[in-house]
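Heads up, the next two complexes both have subunit A, just with different partners, subunit B and then subunit C.
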Partner chain A sequence: MRIIVKEIKLVFTGSMGAGKTTAISTISEIPVVNTDVRTTDKARLRKETTTVALDYGELTLDGGQKLKLYGTPGQQRFEYMWPIIIKGALGLIILVDDAADDPVADLAIYIKFFKSYLEDMPTVIGITRTDLKQGPGMPAYYDYLQNQDLQLPIFPVDPRQREHLIMIIQTLAAMVEVV
Partner chain B sequence: MLSKIVEPQASLHLKKLLEDCDAIKAAMVVTVDGNLCAMQQKGTYALERLATMGSSLMSLGDTITGELKMGFCNRIISENEQGIVAFMHINNELVLISITTEKNSLGMLLSHSKRCAENLAKAVSDL
Partner chain C sequence: MDITHPHNIATHALEKTDKIFLVSMLDIAQKNLDVYWVLNEDSPHIIFVNVDVPEGKAYWLANHTKNNLIALAQYNFLKADFFLEKPIRVQKLIDLLKRISTEAPHLFLKTEMASKNNDVDIDLVLDYSESETEVFDPSLYLTGLLIKAVQSRTAQRFSLANSSSFLFILPEQDSCFTKNLDFSNLTDEQKMCYRSHIKDIQTEVVNANTIASITQKQGLKKYPIESFLWASTLYASRGRLLTGYSTKSVVQLKRWPDFSIFAHDPEHFRIAAFMLKKPIRLETIALKTGLSIEHINNFFNAAMINQLIDIKSNNENITHKQAQKESTKATEKQSLFKSVLKRLTGE
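Right after this comes the complex of A and B.
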């Protein structure tokens, strides 16, 4: 039986400030639905606003399939939203801010939380803000994944660059069996 | 940190809210980004996670009313089998969450909560 998937739900998750909202805004063909509010705690030093529920955008592929792009809140106190948003998703994109205090630990939080999904759900990791050269660099992430016995595609990515995101989506598409 | 700054005033107003209205069993003030400022309750409800959930819900309310061009979302009411939860803006940065287990007390819940929110908005405006 051939299954034609007309709508594909992809979820962007990852640490605060990694660029989830920016990534969805960069590629969405509709005005992005977002739930950003003013940051009122010490995280304000890093970011003026933060997502507290979800982001939503859409992108139509050349074949006519519609990508429904969801973004999770990044802060861990909103993790109750993560399983709500991941329901029905066909792909997961984990973004990690390389310039954060401990980005490998940030990646570990999301790997651990979504571990039960990783076996069945195509997942790609994007490392952002590598241009600042403040983080451990790509080898640290390769080592972490290897230690976890995980083989996931991982790229440096600028969430403001459409072509970077398209590459990630193409990678996911190659992993998702879409007829 | 905003939640620490408003905590004393928020605690006072929440205490008065619960004293003034028997039907209200618990209430809390949270920031729009999900930090708990203060809470008061007559029972032993697990309210900690409600701070972040309340901020998510209020933001979704604002997003929905914005989508429909209905202006600012004043409040969200959750009517449930065993009670009612009301979420309302105090100002641009704070949200009041109030809870009753009496299903017929929506009016009391809203009127007292609204007054509390207005008074607290005035009290924290100079902080």
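Right after this comes the complex of A and C.
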């Protein structure tokens, strides 16, 4: 009898430069496979390279199962790929760059796009680069979620820090009980 | 209208113009109200607090759990249940006073309200001989000293219970300074320190320059004051709830606690998840998570002191029977996440 093993994956999505590739690198046990290319549009002012297809990392769990870590391309023109990547995911992590031009609008894009998944899929929102103090700060995001009547965990994260990624996973694990 | 039993209003940290506005608007509003409201600073039922100024905000922080405060501000940044926008408008004042009368009738049953002068409360407490009570009084612990320092805008050093641990508070920077802490893994000694009774805490007024110099010399780290309000409340609560709440209280988190700055154990994520999702009784969280009610109460108090909690009307729509059934479900997802965490933490 053939045993079908379902893919186990976590998906990192969010705006360009929010730290998706970094977050995956922080916890992946293999070098992240990505398709970064040099940016050619105005985004170049903020980032030298960007992911055009997806990032991929892995973590081996007990029993040899592989947890696959996917990062979606940040630029919105690649959003046709997002539903393909999210399908069957264990959890969704939305990262937003607080130092971007309009980070609340960035968050709104991802909330709107993934809204149909939020009811059933544990989801966490991480706000990155808050240390630069260039963005609107956490209250702006709290207000946005409240206006959308969404009760989602949202907190500042540094995607370079393993402890912060562990905190994200702990939060997703906790949300499993209530979704 | 019964003018022999007026409802008393006091104010805190109001600017002169706001107070004049309040008095005149109250006078105009009176004919549209069933209850006679009067400004009486001595035995108030409710207190209007100007939270736009540091003194008022500190007062709010220290006393909002008493539930008789009305936030007065340009906008409701504290997400207060009872809020009045500045500048004061008659209709909004009428609506607010009517709401208070119907939604918080318990406020008017009490013959004596807690003193509105928090400095006096805490000073009295300094002579308090410790006796374990059924309820948690934050003013008896480090939490109370931190709040008092914030209110008085006084930089201080706290030396904690029979240990080398110390903490500087610098209210003008909204910060505390101490040695490097790992909030996900505080030692038992650190937990013991944060649960210290005020009689075991030495306080010393210091100036900002001294703090800066010691911080540099000893490599101290800067933390938000909220971190220590949280830690002290969490560990000092010892299962007791803040006055005025019960395990039947229906609560909801306003937002997810930032655990990178709050002491926590893994179970706090589970409590937060239940408390965030929808209004829920404290006792139901205990039932659903299988955690002790004391554990839930400690978390609730810490979140409450940090203004992360909304108290809801008692309309929780889940029965205990349902909760018990759901709590026994071990999902495949949960075990996968456990496996991921085990792999990441190496535990």
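Here, the second predicted complex is superposed on the first by the 162 of 179 C-alpha atoms of A that agree within 3 Å, B and C clash if a C-alpha of one lies under 4 Å from a C-alpha of the other, contacts with A are read in each partner's own complex, and residues count from 1 in each chain.
By definition in this document, a contact is a pair of C-beta atoms (placed from the backbone, for glycine too) under 8 Å apart; a residue touches a chain by one contact, two chains touch by 3 or more.
Because the structure is a prediction, the values reported are computed rather than measured.
Undergrad: For A:L59, using the defined touch cut-off, is the partner it touches subunit B, subunit C, both, or neither? Pick first, second, both or neither.
TA: Once the two structures are laid over each other on A, A:L59 reaches subunit C alone.
Undergrad: Pick one for A:M81: touches subunit B only (first), subunit C only (second), both, or neither.
TA: Touch status of A:M81: first partner only.
Undergrad: Look at the residues of subunit A and decide whether subunit B or subunit C touches more of them.
TA: The larger set of subunit A residues in touch belongs to C.
Undergrad: Should A:T35 be classified as contacting the first partner (subunit B), the second (subunit C), both, or neither?
TA: A:T35 contacts subunit B only, not subunit C.
Undergrad: Which of the two partners, first being subunit B and second being subunit C, lies in contact with A:Y142: first, second, both, or neither?
TA: The second partner, subunit C, only.
Undergrad: Residue numbers of subunit A touching subunit C in their complex, please.
TA: For subunit A paired with subunit C, touching residues are 8, 10, 27, 59-62, 65, 67, 90-91, 122, 138-139, 142, 145, 151-157, 162-167, 169-178.
Undergrad: Spell out the part of subunit B that touches subunit A in their complex, as residue ranges.
TA: Within the complex, subunit B touches subunit A at residues 1-3, 31-35, 49, 52-53, 55-57, 59-60, 62-63, 67, 92-93.
Undergrad: Would you pull the subunit C residues touching subunit A in the complex into a rising list?
TA: 77, 184, 252-260, 266, 269-270, 272-274, 276-278, 288-289, 331, 333-334, 336-345
Undergrad: Looking at the complex, which residues from subunit A come into contact with subunit B?
TA: Going by the criterion above, the answer is residues 33-42, 50, 52-54, 73, 75, 77-78, 80-81.
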